[in-house]
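Read through the structures below before going on.
Two complexes follow with subunit A in common, the first pairing it with subunit B and the second with subunit C.
Now for the complex of A and B:
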């Protein structure tokens, strides 16, 4: 295929990606060093209240946004350097907390709390998803042929469900005296309030995410299991390998590329954890990095959106994903160079 | 062929494996089934702490909303025949009446007509008939299970959820169409070209896929809100405010979806032998003609699968639509946030549950019809490359 034809075929897709992915990245980068805010002016206001002998008048100085002739608030944009980043990261408070080994103080700063949760969430769910997915795949592979179809159907439901709705469906089982909370209370014989502290909410979120993603891992592992070399398995039996050893030394190595693939996709997706926060309405206890940016972008009471801080936190989130991806990109680059020789 | 003796599994292992599988199926289905049950009960029953109260709904029954044994049997019979007709009779009718090459439209029309007929039969004719029969039959006609559709009525009719549904359909329809059109072109070129540029494009697409969506939205939002002023020098008075425009959201979702789409379509195109388009080229086709007349006709399974995943992305999206659309043209998933945020009474909560079930129902149908395509789509990226 000539370069010209190639370019013509790729152009529409490339233009869309440049316009709606690359350009916003540049604009976020620039925006993170800027501050948009309404132009404020100080107005002297005299307010009088009728009193017993005469009017009592007080003059106060109030700050008001300047209204342009068109009726809209005037805003200014100025370059503020690293201010947005300092306001998001709050390095002084963080440094104080670190030097005095005060974990709780560090968690008072939203960004660090979000970072802690996001990393914990990503790293804890990863092995769980791979383990549960592999276990289901092995069990389905073991099952009789005619039950496999229905089992795959049921397994796909948690995967395909809208993430917010999935989180909500788990939340409704537990909220207040929901059916499972009532069950747990009867079993443990004590009163439970699962939405009153962070760690129980986090447990439910971890459960939700494993429930949601394990089917994806299962389907891929299941497809991989169909191609395991039976001869190798048989020779392993002849060599005296027991069931576990066959799993460990024949099946898992065969699935290794798939494990890497799932781990990669899962790292990308879990790092973006967001819908759980919305579904469990957990912002008072637990927040994630994506939610932090989302929150800055929501209009506040006076209708302003904190674009500057949103951009700064978005850039910081991106730094994290780049760090996660670098090992992978280096590997692909090495493979590509090795392959072309 | 019998399994060799050494490969046979001891009973204990088989039991554990089957038990684990049953346990997994229970966990996988339980939350979804349970909210579906809850949505049909009065608030007292839906949030009762005794599971049997939720299942049988005594309070709902006491309020006069219940199903008798006859209702249940009649309903199940109608459902059974609906599914059987849909599987046997409908495909035959479509293939007989749809003109050649227009199968897709034939299916769309047939499915819509069938759905309307089902709704009329199940929700209008059946209740009318049973309303006459139930009082005559005595004990068989006594309600035994509480069930009410009042929350669905409140959500869809009173709160005009159908508007959100239409918005969702507009957005998902647009996203699927555009991203497939743009994506097949790029996927084909990437699959056929082994150049370094193609490799780098794919790597960049992979990096783009990893970007959190909030990062991108943080880039769009300032521009979208002020787009009328920014674009005025070029477009004059016609400059639109992009914020709140479904078209803008479609463009955004298509672009966010592009990296994934081209990776998946590329792996499907790679399965189509190169000789096919070479033969077409020898016969005098241009690259585009070969693509359109020779490759696309054999590519439908891949296109349908990728379309399904595009649909899921657009349909399930919360972050982009909730930030870029305003109240007046909100899609379904962000709209539900409005329900559970204002849930002050338990009635509101059950309405939120009913809305959630309404959003899930189309997905359920989707898995039923397209299970094979979804599985092949999931494995396409992983197993083949």
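Now for the complex of A and C:
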């Protein structure tokens, strides 16, 4: 293709990527080294609170922002170097905890607690999603032709449900004396409180994520299975390969690039785990990195937000994803250069 | 990231009702309001909608939406529903207007104690007061021959007796969901123990005797509570009471009417309300006083503001109160306190009286720090002192960031 034609085709997506991916990233990057503060003043203020009979008025010194003539709050922006990162990472407390082998103390720093859960969640769900997805794909591929349509439809349902709604449904099934908790209680003949400790909540989150994402892996694998070379399979049968050997030596190698693809997508998605935290209101027990960023951004009742720390935490999340993806990307790069696909 | 649906999940309901008869006049200016989503706001906004051209948005997330919506020019909502906690960012940014002229012109029906004055200017019109107080199953206490508890020690004794008799799943309920709710329960108890949030120089002082006592009392309460208390918010506790699964709870007065709602409640007529228990002898009831009311945006034309104020007056008039008497502890002319209002009135008129929730920037930061750091104490990961030290550290960080502390 001529370079000019190539450029004309690629330019719109490049512009979009610069506008919607690169520019926000740069602004978050810059924001993570800045601190925005309103200009404040102390004023004496008399405020009155209603009672049933009359009002109680009190005069106190309160802090109010200075309002410019334009009606906007006056703010200042300062370069603060690594301060935001230090505040998020709390390296001093973390290092103290590490050197004294105090796991519990390390988990008291939000960032490290979030990192612990996020990594665990990502690495545990990854093999499960790939395994369950492959199992469903094989099952559907071997099912009789006339039931395949309905089976595919049913297996896709979890993927269609909006993540938050799915998480909320699981919550309502299990919280308090929800149907499933009540069922489990009757079955096990004991009182259960699944939202009272971290490990049961984490288990439900893992279950929910696998249930939700396995259909995605299934669709990809199912498509891949349609292109498995039937001649190779037949010769494997003639050579006396059993079902497992055919899976191990013919089908899985054929699907390998798809496995890498799903692993890439899943790592990126799972590292940003968020809906589960909000849906299960699990903040007391379990938080994730993405939730931490969200929490910094949430204004409190008086409207304060921690933009700087939110930016720092977002940058750290991105760095984490990149680190996780490096081995997979290297593999893809090698394959690409080797020209095997 | 799908933030929007999460924020909205289950919470939002936008109602646009056609003009109906019960308004004194026909409103011809298009108006919108944004407020919280509890029963009293439904009653008030429904009454406003009768004037026509009025659209109400009731959202649990109003506290996140309101500051930005009011700061827009023109403001996205002419009317806002606020409480003494959530009015702070609007006062800070000066996005709500003084109402003195409008009160003089259209607000003759208002009582003087409804006018929320800041430095002499009326900035909001209060319509109701709210407070957390003790709601209890009168039938259970009577059957076990127990007195209504007046202090938290007595509450724990009564809870033990109810537990012994095994009459409900859990004797106690509390709004201890991680975050805002848990922090508010701590505030109540902390103030009940005579705690001060700040030293004179603005540094935090929650890691004190009062703070530790508050946490210890709360921990003792949890022995009689559903073990899933760290996810139980106001609605959850309300439902536990309605379904007869708990016997007592220190719950918002605005949730009282739901106990006698025959569509939802299995304990109609069985729940009574008493003053919030005291944390210590001779102290105030361990709770804070709140008001809810109406504000009008600054960034709108004066004609719109006048129209909005008139519609608001229709919303909080005598007819609305007469039709929804038990929906709230109204401050409006014509209100007859019912059985379930007794607790709130006893709380507010107790001596010494509980403090009003302090509406300052610092309190917002403190509330967040408490909500984020206290759960570790309840999950058993840290001691009370460690949790409170973490609160102070978190507060100092965010206060320095917000510029309210050197």
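As a working rule, the second predicted complex is superposed on the first by the 277 of 341 C-alpha atoms of A that agree within 3 Å, B and C clash if a C-alpha of one lies under 4 Å from a C-alpha of the other, contacts with A are read in each partner's own complex, and residues count from 1 in each chain.
Basically, contacts are C-beta pairs under 8 Å (C-beta built on N, C-alpha and C of every residue); 3 or more make two chains touch, one makes a residue touch a chain.
Nothing here was measured: the structure is a model prediction, and the numbers come from that model.
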{"item": "First, second, both or neither for A:327, with subunit B first and subunit C second", "value": "neither"}
{"item": "First (subunit B), second (subunit C), both or neither touched by A:274", "value": "both"}
{"item": "Most subunit A residues touched (candidates subunit B, subunit C)", "value": "B"}
{"item": "First (subunit B), second (subunit C), both or neither touched by A:240", "value": "neither"}
{"item": "First, second, both or neither for A:294, with subunit B first and subunit C second", "value": "both"}
{"item": "First (subunit B), second (subunit C), both or neither touched by A:198", "value": "second"}
{"item": "Contacts of A:163 with subunit B and subunit C, given as first, second, both or neither", "value": "both"}
{"item": "Which of subunit B and subunit C A:317 touches, first, second, both or neither", "value": "first"}
{"item": "Subunit B versus subunit C as contact partner of A:67, first or second or both or neither", "value": "second"}
{"item": "Residues of subunit A that lie at the interface with subunit B and also at the interface with subunit C", "value": "162-165, 168, 176-177, 272, 274-275, 278, 281, 290, 294, 298"}
{"item": "Footprint of subunit B on subunit A - complex, ascending", "value": "1, 3, 5-6, 9-10, 12-14, 16-17, 19-21, 23-28, 31, 36, 135-136, 138-140, 142-143, 149, 151-158, 160-166, 168-170, 172-173, 176-179, 182-183, 211, 215-216, 219-220, 223-224, 227, 233-234, 237, 243, 258, 261-262, 268, 271-272, 274-275, 278, 281, 289-291, 293-294, 296-298, 305, 307, 310-311, 314-315, 317-318, 321, 324-325, 329, 332, 336"}
{"item": "List of subunit A residues in touch with subunit C within their complex", "value": "35, 37-40, 45-57, 62-65, 67, 71, 73, 87, 104, 107-108, 110, 162-165, 168, 175-177, 193-198, 272, 274-275, 278-285, 290, 294-295, 298-304, 306, 308-309"}
{"item": "Residues of subunit B that touch subunit A when the two form their complex", "value": "4, 6-7, 9, 13-14, 17-18, 20-21, 24-25, 27-29, 31-32, 34-35, 38, 47, 49-51, 54, 181-183, 185-186, 188-190, 192-193, 195, 197-199, 201, 203-205, 207-223, 225, 251-252, 254-256, 258-259, 262, 287, 291, 312, 315-316, 318-319, 323, 333, 336-337, 340-341, 349, 352-353, 356, 359-360, 363-364, 366-368, 371, 374-375, 378-379, 381-383"}
{"item": "Residue ranges of subunit C touching subunit A (in the complex, touch as defined)", "value": "1-3, 5-6, 9-10, 63-64, 67, 73, 84-86, 88-89, 91-94, 112-120, 126, 129, 177-179, 182, 226-228, 230-231, 236, 240, 245, 289, 291, 298-299, 331, 345, 348-349, 356, 359-365, 367-368, 372, 375-376, 378-379, 381-382, 386, 390, 397-398, 401-404"}
